[in-house]
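Common to both upcoming complexes is subunit A, partnered first by subunit B, then by subunit C.
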Partner chain A sequence: MTAYSYFPGCSLTSSAAEYDVSFRLVANAFGIGLDELTDWNCCGASPAPHHWGGELGILLPARNLHIAGAGHPSVVAPCAGCYNRLKYAQFELERNPELRERTGAALGEAVRYQTEVLNVIQLLNREIAPGDLSERVQRRLSGLSLGTYYGCVLVRPPEVVRYDDPNNPVKMEPLLNATGAATPHFPFKTECCGSYMGLAKKEMVLQASKRIIEVALECGIDALVTVCPLCHQNLELRQGQINAAYGTDYHLPVLYFTQVIGLALGHLPAELGIDQHATTDFGRWMLDAG
Partner chain B sequence: MINLSQTVKEGAAVVAEIERRSGQRITACLQCGRCTSTCVAAFAFDYPPHRLMHLLQIGLVEEVLRSETAQLCLDCMTCSMRCPVKIDVAGVIETAKAIADEAGLRDTEPNLRLFRRGFLNNVCRHGRLHETTLLLWFNLRTGKLTNDLSLAPLLLRKKKVRIFPPRIKNLRQVRRLFQQVNGSAGPPR
Partner chain C sequence: MIGVFVCQCGTNIAATVSTDRVVQAAKSMLGVVHAESIQYTCSDPGQRAIIDAIQQKGLTRVVMAGCSPRMHEITFRRAIGRAGMNPFMLEMVNIREQCSWIHSGIDETTEKAIDLVRKGVARVRRQKPLQPGSSPVARRALVIGAGVAGIQAALDIADAGIPVTLVEKSPTIGGNMARLDKTFPTLDCSSCILTPRMVEVKQHENIKLMVNSEVEKVRGYIGNFEIDIRKKASCVIEEKCTGCLICQEKCPSKAPDDFNACAGESKAISIPFPQAVPLVASLRKEYCRLFISGKCSVCQKVCPADAIDYGQEDTVVTEKFGAVVVATGFGLYDWKQSYPTYGMGMYPDVINALKYERLLSASGPTGGHIERPSDGKEPRDIVFISCIGSRDESVGRPQCCSIGCMYMAKQAILTKEHIPDSQSYIFYIDVRAAGKGYDEFARRAQTDFGAIYIRGRVGKIYPRGGKLVVMGTDTLAGDQVEIEADLVVLATGLTPAEGAGGLARRLNISTDGQGFMAEGHPKLKPVETNTGGVFLAGACQGPKDIPASVAQAGAAAAKVIGLLSREEIETSPMVAEVNQLKCTGCFKCRDVCPYGAIENQDAMGGQVAHVIASLCQGCGLCNVACPPGVISLKGYTDNQLIAEVVEVLR
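This part shows the complex of A and B:
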């Protein structure tokens, strides 16, 4: 059993609890050990790097890297935002000795920052071969068209995260295809959903997310797949607000990557927290599932 | 509003500072407009990204520092990915925003600033974000009590609301990180 340090982040302990639940179920099914970081703190998300000069956007995730440094060789952060912040802190600490010094002073000891940081797609691709998943599938998702929605911060900026193609990422596809699902061409994979503007500048989120849903439906997509709780909030939770603002009638399910794999493994939608989503209108494919 | 007394020469110093901090060359911009054509947020901007770059090229920095664009950029970095001469446009806009902030030009989009501050204050208090109190605080401060109220029944029904705030053990260490930036016990302003 390979064990990893696990940084859930704030969303996975509250509004995106179903992401945590489904991730743990999938990890457990493939013998992947997850040790939650002790006493982790918020990574600073989008506000920290954009406020007070931005340095909290490095210092807050640096503390989590430091805690991870005492654990396993790799730490996994399923939330795309947390993943980006951990990678950013690592990138800046690596090249800035003076920042390293100051971070260490605040932490009370020399900062440990070199633990390998993985996102959830990276971890599952490393631990699960598509062929193995295919053999373990209890509920084949044939006939289902999934729109792989990667968002911004998982793949950008490429010199910091160094993961997948920043314009056309494809790393989710092999495992999804192994479940029997199709992943048709979806040109809005990395279009921004509106980020953290939901409370303070709602119209930006509604417009940005509406475009993504609209294009997904034009591409014949049955559900979007994401790894980011903020994208999920904007595209899924706010779908009713989009409908109210634009007079549309969208009911497009948006699932976490881990929930799709969990479904294929035979778990019930409720076990994976899918019933906690606003849109549970799964139409034909969920009815004949399992 | 353009300050007509401002000369291009004075603007040049700020442009040089933006170039230094962002590591980008403003003069390299070709004005092709590709950043604007890929921008999902441009509909809400006063100056689309390529025009903002042009304002910097001609030294009209006050327009840039006071722009909606600098505040509303989502920092999705799509423009930076697509620029044919590889300018990190999002980085330039972000730098302009930081300089505007330092210069105390805070009249544009105050609610976004308020949200970020409330978010960070919340994290400073608990060590982690407590979404519920952030939403309540923000709505009280802005006086828009019905903001996102439409989501409340859904959030409650779907058990997505965490009533009690989280609290980490070594909160002092997290607060020292805030002090590193703000030099006081917690976030000011």
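This part shows the complex of A and C:
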């Protein structure tokens, strides 16, 4: 069994608890060990550190990276925001000796910053071959058209995260296709969902997320697949607000990458937390697909 | 009796090198009897000062410390020749490009200049007088590529009475210009001005035209190239074909229509367009039913001229040429992988400008009616996007395509003429319209033809209800823009033509970072290359428009005419020489020589190597390869090189 350090971050312990549950189920199914970091703290992606002079956005994840440094060779952060902050801290610590020194002083020992940071797509692609997944599929998702929605911070800025093509990421597709689902061309796969502007200027989020859903429907997509809890919140939870604001009638399911794989492995929607989603239309055809 | 002349080159050298100190140092070097610093050595008074010093002081060897030998070595050889010296008793020391221009501190730079001069003095002390040879000139020119540049060069050379072979790899001449509808800034009909020139090529008594042909192998040197040209089998006997087109009509195998930038469909056997020269069909085996499945011979059956020969094979012709003009033109940047947010070619209504040009052209697949590829409907809102694969660091292509701004303005004007109620939008970075009459023309696109110019880039294109939404920014208004378009036209950057890199290697000429052929000097040798006798014309050297291509072709032709009007040319005396007394006859030198300049000779009681001086280019490969070290290069002897190294390390 390969074991990884696991940084869940705040979302996976609260609003995106179903992401955590489905991730653990999939990991377990393929013999991937997950050891949650002890005493982890805020990843630094919340608006607060950004607004307080910037450096907290590096120092907070630097501490998490330091904790991870005492564990397994790699740490996985399923939330795209957490992943981005860890990568950012690593990027800055690598090139800035003075920052390393200051961080070390705050920690009381030399900062460990070289642990490999993985996102969930990267981890699953490494541990699961599409062919193996295909063989283990209990519920083939043939006939489903999934829109892969990567969002922005998973692949940007490219010089920091160095993951996939920033304009046309494609790393989710092989495993999704292995479940039998189709992944048609979706031009808005990295378009901004509005991010945390939901706090300051909700209309902006509604407008941005509405357009993503609109284009997804135009492309004949049955459900969006994401790895980012904030994107999920804006695209899924806010569909009611979008419908109220624009007079639309959207019921487009939005699933986590791990939930789709979990479904294909035969888990029930409730086991994967899909019943907790606001857009429950999904169940109707998803169960049929079994 | 060595004289050292240190050039100040105005302030080019004097600003960072103390030429006085160099002169002082030179005076104490072994063998130096005269040293002086001159403001501009290449000027008339500068050359006179050198000649005077030679004659008054009886100098026998000269060191010129100044610019690169590529700049002025010939100038100074001539000058000392006029003073009665052997012109090769000269050493150029580069204290400009490799010294004053690249360093800043005057003390260190002066020191380096002194080191370089000391090195030059040591070398010239061991120099021996050399006599140039001569070789006859083959009075025939090869022009490679028959677009407008190649056609112009071929006609100019042929009109001067010099025979020309014009080689074109596609089945017809005309190149990219033949595909254009109108030309900016006059809106001349492109084929109306080009077609007569194409016919002239065909009829010219001094031009031998070879289509479906490519240069395969190049041997020899300026004045004496020997070149293999492969004529690819087209399964059509050129002399018999009458161009009646019956084969094309009856052919059952569909094939892409390259000439129309794939805007239409063609057949496996076809004539690219009605004005093609020669008006002869060609068969593309990769699409032909006969060659794919073994069944079919419709074209052979219907051909009234009995011109089809399925068994035809490639032929290779070897000819001698005195000079070569490269005019291979340009290709278009393939945007699909680098701009994934534009749909990667998935939206049929996002097309490049050449394809749009074919849709505008009366001789195009739609007869000049603008029909968009997806559903054949006439578009109303058309978005043009400039600088795709040019001026874009993010895809590694920083250079300007130099014609996009103009052809977009032209296409917007033509669009309005074709569809009066249409609306064109042009996303641009800057409108670059520097040619004669260009800016006026580009402005008319806005003022008289209503094109809306939006300064900014396009981030994304996506489909919505049968239209394409173009999302971009307007950087002047500081706002986001969304336009629902029926058709999107991309002004893609220019690349070297396919295969240009291989041709450059065969001709032994250099290419620049983007793969375009490199000129000899950006200012003073714009049509020459670093290989004597090979000249450049048109967009193979870099993106350019029709007037610039034609002008460069004329200049290249003038160079060729000048070269080939001579009976023989002087050859460099700096060639290899074998000390046959010590040669062991291993012939490693012969194996490495790229010019076939080393032969076996019966001498010294056996077989030894001998250098054919007229073929040797002085590259020095044999020098290095010779195990006993008995080949030396005149003017670059081991003695001289070792002396230089010793002085630098001193």
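Basically, the second predicted complex is superposed on the first by the 282 of 290 C-alpha atoms of A that agree within 3 Å, B and C clash if a C-alpha of one lies under 4 Å from a C-alpha of the other, contacts with A are read in each partner's own complex, and residues count from 1 in each chain.
One rule holds in what follows: a residue touches a chain if its C-beta (ideal position, glycine included) is under 8 Å from a C-beta of that chain, and two chains touch if they have at least 3 such contacts.
Bear in mind that the values here come from a model prediction, so they are computed numbers and not experimental data.
Three-chain overlay on subunit A, with subunit B and subunit C in a clash.
Contacts of A:S15 after superposition on the shared chain: subunit B is touched, whereas subunit C is not.
Contact with neither subunit B nor subunit C is seen for A:E101 once the two complexes are overlaid on the shared chain.
In the superposed model, A:E203 lies in contact with subunit B only, and not with subunit C. Contact with subunit B, but none with subunit C, is seen for A:H277 once the two complexes are overlaid on the shared chain. Within the superposed three-chain model, A:D35 lies out of touch with both subunit B and subunit C [touch as defined at top].
Once chain A of one complex is fitted onto chain A of the other, the partner contacts of A:N167 extend to both subunit B and subunit C. In the superposition on chain A, A:S195 contacts subunit B only, with no contact to subunit C.
In the superposition on chain A, A:P187 makes contact with subunit C only, while subunit B stays out of contact range. Shared-chain residue A:V215: touches subunit C; no touch with subunit B.
Superposed model on chain A: among 439-447, 475-483 or 619-627, the stretch of subunit C in collision with subunit B is 475-483, the rest showing no clash. Across the superposed pair, subunit B and subunit C both touch subunit A at residues 167, 191.
Those residues of subunit A whose C-beta lies close enough to touch subunit C in the complex are 165, 167-168, 185, 187-188, 191, 214-215, 218-219. Residues of subunit C touching subunit A in their complex: 339-341, 343-344, 346, 460-465.
If you check the complex, the residues on subunit A that touch subunit B are 10, 13-15, 17, 39-42, 44-48, 50-56, 59-60, 62-63, 102-103, 105-108, 152, 156-158, 166-167, 190-192, 194-204, 207-208, 211, 237-238, 240-241, 244, 275-278.
Residue ranges on subunit B touching subunit A, taken from their complex, read 40-41, 43-44, 72, 74-78, 80-82, 88, 94, 97-98, 101-102, 109, 111-117, 119-120, 123, 127-131, 135, 138, 147-148, 150-151, 154-155, 158-160, 162, 166, 168-170, 173-174, 176-182, 187.
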